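Two complexes, one shared chain (chain A), two partners (chain B, chain C).
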Partner chain A sequence: MELFLQTLIDGLLIGGLIIVVGIGFSLCFGVMHIVDFAVGEWVMVGAYVSFLFVRHLGHDPMIYLPLIFFTFCACGWVIYPLIYRAVSGKRHNPVLMGLVFTFGISILAKGGALSVWGYHIQSITTWLSGKSISLGIATVPALRFSGFAFGILITILFMIFLYRTKWGIVIRATAQDRDTANLLGADVRKVGAFVYSLYAGITGMSGVLIGALFSIHAAMGAKYCTLAFFVVVLAGMGYVPGVIIAALILGLLQSFVGVYIGGRYNLVALFMVMYGVLLITPKGILRKGI
Partner chain B sequence: MKNEMFRKRFLLSLLLFGLVMIGFVWPQSGQAQEKRDFFKIGVVTSLSGELAFGGNVTKRGYDMWADTINALGGIEIAGKKYKVNLVYADDQSTPATAAVAGERLITQEHVDFILGPYASGTTLALAPITEKYKMPHITGSAESPLIWKRKFKYTFGTIPTVTLIAQASIQTLAKDVSPKPKTIAVLGIDDAFSKFAAEAFKTTAEKEGLKVLKYEIVPEGSDYTPPITAIKALNPDIFAMGNHEKAAIEMMKIAKELKFNPKAFVQHYGMTTPDFRKGLGKDAEFVFGTSVWTPNLKHEGTTLFKTPTEYANAFKTKFGTDPDYTEAASTAAGIAFQEALRVIKAKPPLTQEQKDALIGALEKLNIKTFYGPIKFATEGDFYHDNAGLQPIALQYQEGKTVEVGPGKLRVVAPKYPTPSWDKR
Partner chain C sequence: MPTWADQAKLNSTPIAWQWVCLGLIFLVSLIIPWIVSPLWIRIVTEIFMWAGLAQSWNIIGGYTGYLSFGHGAFFGMGAYVTGIAMMNLEWPFGVGLLFSGILAALLAAVIGYPTLRLRGAYFAIATWAFGEMIRQIATILDVTGGAFGMQLPPFLNLSFFYYVMLGITGLTYLTTYLLLERSRFGYKLLAIREHEEAAEMVGVDTVTIKIKAFALSAFFPGVFGGIYAYWVTYIHPDSVLGAQITDFMVVMVFLGGVGSLWGPFLGAFVVQLINRYLWLVWGEGTFYLIIIGAAICAVVLFIPNGIIGLLEKRIFSPRGALSQLRKLIKW
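This part shows the complex of A and B:
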């Protein structure tokens, strides 16, 4: 029973981290139809920037979350026109163009990080690092729990924004039918820039949590790119609310397979579920994707 | 108008691209016939990707050798000194790229011989290439027994296999601490090195009478929380990790988060590196590891560095950190080539006959260095590996790695059992 409960908690908390990485990625795809291959690199650069803040300014890395959010929003705003140019115009396959372009950004970011910040493996510590909440028969790691809470909170805020504000309606309209939204007066380019900034900001922030939980190095982004793809396929391409459920399923799957079947079967299980979903319900488990 | 400008820009770009390509190809086409008075040595290692840190560990070791011998004027052959020039090729931490990088160094750079990669997986991909081109190759880092079992004629290694090295810490814990541990759980990463480290922990534990509660190999890059949760539930006395430094840092962080308190943490390879110490801070304390070289050993070298202390001091002056055994073994790989070249009296650039003669000289080599004796096995499962070194058990005590066994190799008593996380 103890092991079952701990496995359940581990799974939910792993899922929480996947939500943080997957939420912006899903929105980015839903609204702009951009499959951002550089999602992991936003995480990596976010982790490095928080490391630099801590090294030069001191204090707990969590304090810098808002600053990192706005810094990365600004970066997203600056980069977006380049992506827009790559995916618009007379190109035959804009999705592929976006994929190739962001793949380039990813390689550039990895190489740049290695050149600028070097090959050493870095670590950041927050006041929550190593702490845990004991529930008697199970342990809840505090930092992972904060990641989980952060993921849920971000998703709720996102949902309120998307469904309760005028900007949210414009974003959803653009996601639904880009050309009609444009005809009705929505500035598609501005919406795209806004969403991409938001995505960059959130994913950059997730880097702080991931950097504190694991370790920081130039190649750390790759696995988050894979996870983001998994979660978006499972949630349904572009369907934001599905991200929570998909991420938690992925987290629980990793946890239960890791404990009861064997850690070596983790990736096999993830791929099997993904293939199953693609074959049976290509629009995601909730059948609400594109 | 716009179209015309675009066309002009396009032609200009094409011209520039063409010039750049010519620049790349021009010097290389002339190199086959070049005459040079220095040795050109190819180095394939991980300078980017997951193993970039480890790749730079080997780079520091190789650079240490090259810079030191060059400061002395170079390798002396028949009364004349020849400098060495290292040409690096990044394997990007992937085996396929290691093979391509090796092929490029051989066919385009025309190197005289090759110093090998950090990881065993990349070494296993490079070795068939050096075999194909009959190019002498010594790795100063790879520890997987698979490399030597395949009996590559042109590949050598200065570090004994992990199956020998990893025994030391388990032997020390099984024999030299009280109360004696009874159980162990082993977690390894699925790569050519780490899973053999894990297997060595397991077989040594079984040989020493410890009960193996769990033996698990997991993919690199996955979240290690589930397997550590499963191991925690079994409450083993020893938790042994076969991995590289990055995964080691992550596993230790997870163990702390989950309040997993075994009586001993054992890790190989990574605990001897500065990043492990920096990444974990005081949580690195009490972790056991293993090595084949420390600056405190009493080896006497006949060439380049006389003692381990002399090497350690020179290394610290150059790089600012203490050397670990992989750095020392990488430097020793350079020394092995240097001494074999002296034996065959070969001047650069080496011909194929001289490269073959170099292999013969390496097989007969029997030298004493600051790193210990270098004598490559010429038969058996450790074919071409320098398998004769004595493994040493280490433990983190007060921020430093100290020798804790096995048996007479102990300098300081091992601290056992490890205090629980809330009592540190």
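This part shows the complex of A and C:
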């Protein structure tokens, strides 16, 4: 029973952090209709940048979060025109060109990280590392809890932005119907650039926490790519609120598979669930995907 | 990608020349094992293997327009299945190859059944996750030797593998030519790629056709994997199931010309020669990933029709090159 509760809490805590990886990714798909294969690489680069900051400037990685957010926003803003060029123009299948382009970016980023930092595994420590909160029946590692809290905070801010501000309305309108939004005066290209840079910033930030919680290595991107894919398929592609439930389910699934079956089987379990969802309800468990 | 008009133009070029060239290339490739050094036999065998793999990716990615980012899994699966069939079941090599090809095709049909009804993005995601899963399974199972890999009975005969690879690659291209360029099946695929809703409206059973195309495109990597395993005699998860296998297939097809018959061959030739040259100069490294990634991005941005597209636009004559360059620079 104690083990069960501990597994449950661990899963929910990890799920909270996974929300951050999935939420920007889902919005990005909703607005641009492109699956960004580089999502795991944004996490990886975010982790490495925070590692470099800590090593060269000192201090706790947490205080670099805003700085990393704005740096990655700028990166996304710079890369977006290239993606826009890949999906527009006289191409027969723009969506596929966009997919291949982001696939190329992900290989480029992975190769760059492997060439610069090699296969060494790095880690960063924060003042929360090693501390834990005791709840009587189960203990909660402080770092995991702060990751979860961070995830929830970002999600709330993101939702307020998306549903309560004028910019959010424009973004949702573009996601719903691109051409009509364009006719009504939304600059679709600018909206796309804004969404992509927001997504890059949020995902890069999640990399800092993931790097502090787990280890940092150049090939970690593939894992978070799979997690993000799983989350959006479960949530329904492009349906942002579904990401919260899907990420929590993913966290629980990973944690229970890890404890009761063995961590080696987590990808197998993930794929089986994803296959089942695609077979039964392709629009996600809430049936609200596009 | 060539449209209907391009296709018609291609078909009307003097056919005789193409066949003469093809015959010459075939004759030269038949005598290669007697005239070059063992190193070069290996390199040419590799080029043929990659040309076949790239073409099989092209069947689903180029002709059908659905991108499979887990195609390397079929290659690795073929390698392991052939290895297991030869070592544990003691089947002959040829039967093992056929078995791994059929198994890969069946698995592709299972993956394709739910995902090919949906949009291309779902298919790309599902195949990618499938590739990751197969790699993990290969490291878990006992029969595959886990992370240590698997040793096959050594059979050191370079020319044998050269001819087998040449034969299967020839078969891949012949199948593509007969089934996709010269039959109703190929026209249906083209219709799906150019406008899926319209194809469905005129009565094409799109889902079945797509599943068949995906199974066909998975069959050949399974066979190639089997030959590769017996050729190198030692396989482990990183060498036959690594992400780089899919990466190479994608870059070769896109560099050569996606959706064309000879594009993947050209792409495989160029990429594999550069890859081997870098390997001879710098040795083992990860720098090739940067080059692959940058090449994919550059091709998508600047030459979406690949080398074949450039050849068709006569870029290699000075006047054509100038006018093309002017068009490119205009953002």
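Before moving on, here are some points about what is shown:
The rule is simple: the second predicted complex is superposed on the first by the 282 of 290 C-alpha atoms of A that agree within 3 Å, B and C clash if a C-alpha of one lies under 4 Å from a C-alpha of the other, contacts with A are read in each partner's own complex, and residues count from 1 in each chain.
The rule is short, and it goes like this: a residue touches a chain if its C-beta (ideal position, glycine included) is under 8 Å from a C-beta of that chain, and two chains touch if they have at least 3 such contacts.
Since we're looking at a predicted model, the values are computed, not measured.
For the composite obtained by superposing both complexes on chain A, the positions of chain B and chain C are in clash.
By the touch criterion defined above, A:2 lies against chain B but remains apart from chain C after alignment on the C-alpha atoms of chain A. Of the two partner chains, both chain B and chain C are touched by A:267.
By the document's definition of touching, of the two partners only chain C reaches A:85; chain B does not. Of the two partner chains placed by superposition, chain B and chain C are both touched by A:111. Shared-chain residue A:259: touches chain B; no touch with chain C.
Contact with chain B, but none with chain C, is seen for A:217 once the two complexes are overlaid on the shared chain. Within the superposed three-chain model, A:37 lies in touch with chain C and out of touch with chain B [touch as defined at top]. In the superposition on chain A, the residues of chain A touched by chain B in one structure and by chain C in the other are 110-111, 114, 222, 264, 267. Across the complex, chain A is touched by residues 47-50, 52-53, 55-56, 93, 187, 190, 216-219, 221-227, 229-230, 232-233, 245-246, 249-250, 253, 256-259, 275, 278-281, 283, 421 of chain B. For chain C in complex with chain A, the residues that touch the partner chain are 1, 3, 61, 65-67, 69, 111, 113-115, 117-122, 124-126, 128-130, 132-133, 136-137, 139-140, 193-194, 243, 247, 250, 254, 285-297, 300-301, 304, 331. Residue ranges on chain A touching chain C, taken from their complex, read 29, 33-35, 37, 82, 85-86, 91-93, 95-97, 99-101, 103-112, 114-115, 222, 225-226, 229-230, 232-233, 237, 264-265, 267-268, 270-271, 274-275, 278-279, 282. Of all residues in chain A, only 2-3, 6-7, 10-11, 13-14, 110-111, 114, 119-123, 125, 129-130, 132, 134, 139, 141-144, 213-215, 217-219, 222-223, 254-260, 262-264, 266-267 touch chain B in the complex they form.
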